[in-house]
Amino acid sequence: MDILSIVGIILAFAAVLGGNFIEGGHFSALFNLPAGMIVIGGTLGAAILHTARPSVMRAVKIVLWVFRPPPQNIEETANKILHWSLTARKEGLLGLELIAEEEKEYFAQKGLRLLVDGTEPEAIRSVMEVDLFLIESRDLKAARFFECMGGYAPTIGIIGAVMGLIHVMRNLADPEQLGSGIATAFVATIYGVGLANLLFLPIANKLKSIVQLQYQHNEMLLEGVTAIAEGENPRSIEIKLQGYLEHN
Amino acid sequence: MDILSIVGIILAFAAVLGGNFIEGGHFSALFNLPAGMIVIGGTLGAAILHTARPSVMRAVKIVLWVFRPPPQNIEETANKILHWSLTARKEGLLGLELIAEEEKEYFAQKGLRLLVDGTEPEAIRSVMEVDLFLIESRDLKAARFFECMGGYAPTIGIIGAVMGLIHVMRNLADPEQLGSGIATAFVATIYGVGLANLLFLPIANKLKSIVQLQYQHNEMLLEGVTAIAEGENPRSIEIKLQGYLEHN
Amino acid sequence: MDILSIVGIILAFAAVLGGNFIEGGHFSALFNLPAGMIVIGGTLGAAILHTARPSVMRAVKIVLWVFRPPPQNIEETANKILHWSLTARKEGLLGLELIAEEEKEYFAQKGLRLLVDGTEPEAIRSVMEVDLFLIESRDLKAARFFECMGGYAPTIGIIGAVMGLIHVMRNLADPEQLGSGIATAFVATIYGVGLANLLFLPIANKLKSIVQLQYQHNEMLLEGVTAIAEGENPRSIEIKLQGYLEHN
Amino acid sequence: MDILSIVGIILAFAAVLGGNFIEGGHFSALFNLPAGMIVIGGTLGAAILHTARPSVMRAVKIVLWVFRPPPQNIEETANKILHWSLTARKEGLLGLELIAEEEKEYFAQKGLRLLVDGTEPEAIRSVMEVDLFLIESRDLKAARFFECMGGYAPTIGIIGAVMGLIHVMRNLADPEQLGSGIATAFVATIYGVGLANLLFLPIANKLKSIVQLQYQHNEMLLEGVTAIAEGENPRSIEIKLQGYLEHN
Amino acid sequence: MDILSIVGIILAFAAVLGGNFIEGGHFSALFNLPAGMIVIGGTLGAAILHTARPSVMRAVKIVLWVFRPPPQNIEETANKILHWSLTARKEGLLGLELIAEEEKEYFAQKGLRLLVDGTEPEAIRSVMEVDLFLIESRDLKAARFFECMGGYAPTIGIIGAVMGLIHVMRNLADPEQLGSGIATAFVATIYGVGLANLLFLPIANKLKSIVQLQYQHNEMLLEGVTAIAEGENPRSIEIKLQGYLEHN
């Protein structure tokens, strides 16, 4: 559970709404169906037209990572790799067969299978590198779905605001209606700027950090598995993995 | 048929126009001939001056890819390549002659012809790599035609708006006319921001994704054809191609 | 003659001015000496201070390329290179002496001279590569002169507009004068945004495309001349050049 | 103590507040609780949601570097390295054991330990390079926490301003209240733009410079330690280190 | 003396002030102490906090290059290098000792000294390359001091403008004062946008061009000196240097 993400979202919305409340604003003034339709629908539509289908699907899947990041733990995985290298030293690569079957994580299992199959070290490296890159690129594209929503939302908020102003301008004679009409129009601006800056852009970036962490994690697996395939001794593998642990 | 593209366009316009309707706006208020002329004509003019001739032509050709992407299917092509490698193994490279003649796709046919001609593997790779790069660069430039329209439209919308405001300012004495005049002026803003964010920019990006996918597709063809030329066995070619399939 | 450039400029200005006319605006409202002085003088001044002297000079020279691009034709040049390779094969490199004297294009002549002098292939490549790069970099810097004018014009338009508004604010008591004064102020905005988006930025980009095309053209000459120096046979040179022809 | 940082902050705030004071503004007009809550809370919330947890923690730790930069002195370190190389020449690598124990700086100590352990030069280089890169990347991410606060603050200031305007629009009938209400709304704009441009963005960049300087410092340590491990003579090490000293 | 820089600055300010004058504006309306304090003080403060100390110092030193560029002349230096190569050929590298003592330019002298000391060609190249890079990076950072002032000035102008508006809003009842008050507020906008676009940004870029030219100049020295150390003959050195001369 990523508690900072939850703190961030609650803090941001509490501060904005609380500030408005103290100022004497009514929450009701911030709810406005047409503004919501224009900004949310328009942004979603533009983002769906913008993004390739697989990335939209993946974006829906990984958005919850923001609160519940994938359970990959760098230290745990380093211990796992060490354990594999000791097993391989004692029982040979075939000794990893059982471990491979029980391993649940996709990339770790793929590495173990390549080891058990007796694949050449360079072949393991090249197969796993392609995979590493494709996983990262797929997930970065999904994260960019939220980035592009963060880009479209404020401009579509402006469309909503200007549409509201047009509506208002037709009733200029009546200054009372003018004020409340402009207020309605401004809500679209708040929705656009607010959704982009309090939700879409921060979410996009948090997802990118997670994807990058996962890349490091998978890279460590790649280095570890290749080292086992090359028959490096467990002690030297341990030293290699330490670099990944120290500054995280 | 790329259904998500159609959903995106319909959702975006339905949301924006629907929100305006619920708010009590009249559609008629959004139609304005001078604003349309200024924004569409100005944007198109700037974009045509901006872009080299072949890219304008190509942009017109590939814009429909947004709804009907080129029928290249990564899995199908992988199967085709496997089939070629088996044929080459059984009947020699000359056995591909018939297949080459029937192949309709430009890049696949080029590869097959090079194989049938008995070209050296490195020569095949270098010829196809140049082609790969030139195709990608030509299509990216065409996609950028829409990106640059998305860049010019909002600023030209501002020109239209300010021109409208100038017109209005001349009749300041009459507050009724003032309101409807400002409304007219604001429509240009909506056209500029709306066209850019609901059409041009998303289309440009969707085209870029398609070009990138096509690049991967052609790269797979290049790798497959070179492997066949090098006499790799079909099983090892299959493993090589799997990387392209798994994360798409 | 680049007809699309002319179409683009005419279309853009016709659309913007035509839209203004249909709306009922007077052209006279768009002419304003102080606004013109501020925007054009200020932009030119900033751009001249911004840019190194040789690039300003070069920018003045190549701006007409937008309408009359340099007469380099990729196909023609490919034919020329083939002709040279046949001559060299028949009469030896010295047979190119006459052709070199008659060649008018700078880069082609340079290549021919290096051939006639019997320079080593690697030396030819390295001398021509430096030249290739320096020509491209010099012309790109000149194209960027217009890009930077496109960057300064809108902000200097804002300076003009705010100066106008200051002037107006001093006469707030008189609402008639207020309106016409604001109109005057807004013309500076139109000049700034319009010059940038209808002229400077598109011209900068069109020049960049031309520079890039010229780079490809010169690169083809470099490859052709080096291949002749290496004694490659004309048929294999022809195949090499085809990559440049196909996707242009 | 980085005196220029302190001068910069004091100068910026003194100029802005002093200018306001001379103009006749009351400081009280710049204090506004709701605006402060919205901008500071909203920006902090968005930045916390945006940034990965370790980078938030690190950002809190290193922000004081702006005033009290880490005490790494390039010249002092160069002298230290020279001293080590002389010691190693006289007493062998084991002679560095005592120095290693007394060394307080993390990276210098790590290098000395590797030397004392008799690690191979290439191994030292590769271990220290990974460390170098990880330290830099960790600290740059922390610096980017302030950059992203500098990005969010102005847009959240706009949210606060528009919320204030909505509040004001409801009381349009009363022109007195209108003025003071708009004033309140504008304070949020000042908070957003001011915090971003007078604090967050300059701090982010100052931290980046410090991280870069530290990188150079650690790189010098890496080069020095590797040279000692390779048994280079102290004089040649001195020449190598001079490059780092001359232009700093 | 860089006459174009002076022309640029005078043209820009003459156009903007002249336009304002023709429009009927009083210069007095553009002088405003509080606005000046806020924009200049705030921008300077932010830029000083933003930039590392050595770059601030260097920026102050090199800003005059805009009008009086360093006297490095590519052609002259090429002639000097040729002269050195002839001397070295006739009298040996030691013959350069006197020339080295009389050479005043830092980088040329450094190269000559390395030659006279009989340093190995590769060592000369590596020592001079480090220097080349460090000089360029130090001067680019100094140029970026003006770039960051160009970035902060407009936003701090907005702070000044909004502060002015707050002040004005408190006196809404009195329309006369309202107008002159808004005028005062707008001057801050002009100062911010004007300083950035007519001074800071163009100066930053002009400095960058000069730094780049100096880099080319020093690179030519590096190539020349290394070629002399390798004992290349003067004729072949001349051909090498020509590439630098032709397109400048």
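Chains here go by letter, A, B, C, D and E, matching the order in which they are written, and residues are numbered from 1 within each.
By our rule, a residue touches a chain if its C-beta (ideal position, glycine included) is under 8 Å from a C-beta of that chain, and two chains touch if they have at least 3 such contacts.
This structure is a prediction, so every number in the text was calculated from the model and none was measured.
Participant: Would you mind checking the shortest number of contact hops between subunit B and subunit E?
Facilitator: So the least number of steps between the two chains is 2.
Participant: Where the contacts of subunit C and subunit E overlap, which chains show up?
Facilitator: Correct list: empty, since no chain touches both.
Participant: Suppose a student superposes the Cα atoms of subunit C on subunit D; what rotation angle should they report, nearest 5 degrees?
Facilitator: Going from subunit C to subunit D via C-alpha fit gives 145 degrees.
Participant: Could you grab the centroid distance between subunit A and subunit D? Build each centroid from C-alpha atoms only and quote it in angstrom.
Facilitator: Once rounded, the distance between the two centres reads 26 Å.
Participant: Please tell me the distance, in whole Å, between the geometric centres of subunit B and subunit D computed from their C-alpha atoms.
Facilitator: Centre separation, subunit B to subunit D: 41 Å.
Participant: Note the residues in subunit D that touch 2 or more other chains, in rising order.
Facilitator: Correct list: empty.
Participant: Could you list the chains in ring order, beginning with subunit D and heading to subunit E next?
Facilitator: So, from subunit D then subunit E onward, the ring reads D, E, C, B, A.
Participant: Given the complex with subunit B, which residues does subunit C contribute to the contact?
Facilitator: Those residues of subunit C that touch subunit B are 2, 4-5, 7-16, 18-20, 22-25, 29-30, 66, 154, 175-176, 178-180, 182-183, 186-187, 189-190, 193-194, 196-198, 201-203, 205-206, 209-210, 213, 239, 243, 246-248.
Participant: Under the touch definition given earlier, write down the residues of subunit E that touch subunit D in their complex.
Facilitator: Going through subunit E, the ones touching subunit D are 33-38, 40-42, 44-56, 127, 130-131, 134-135, 137-138, 148, 152, 155-156, 158-160, 162-167, 169-173, 184.
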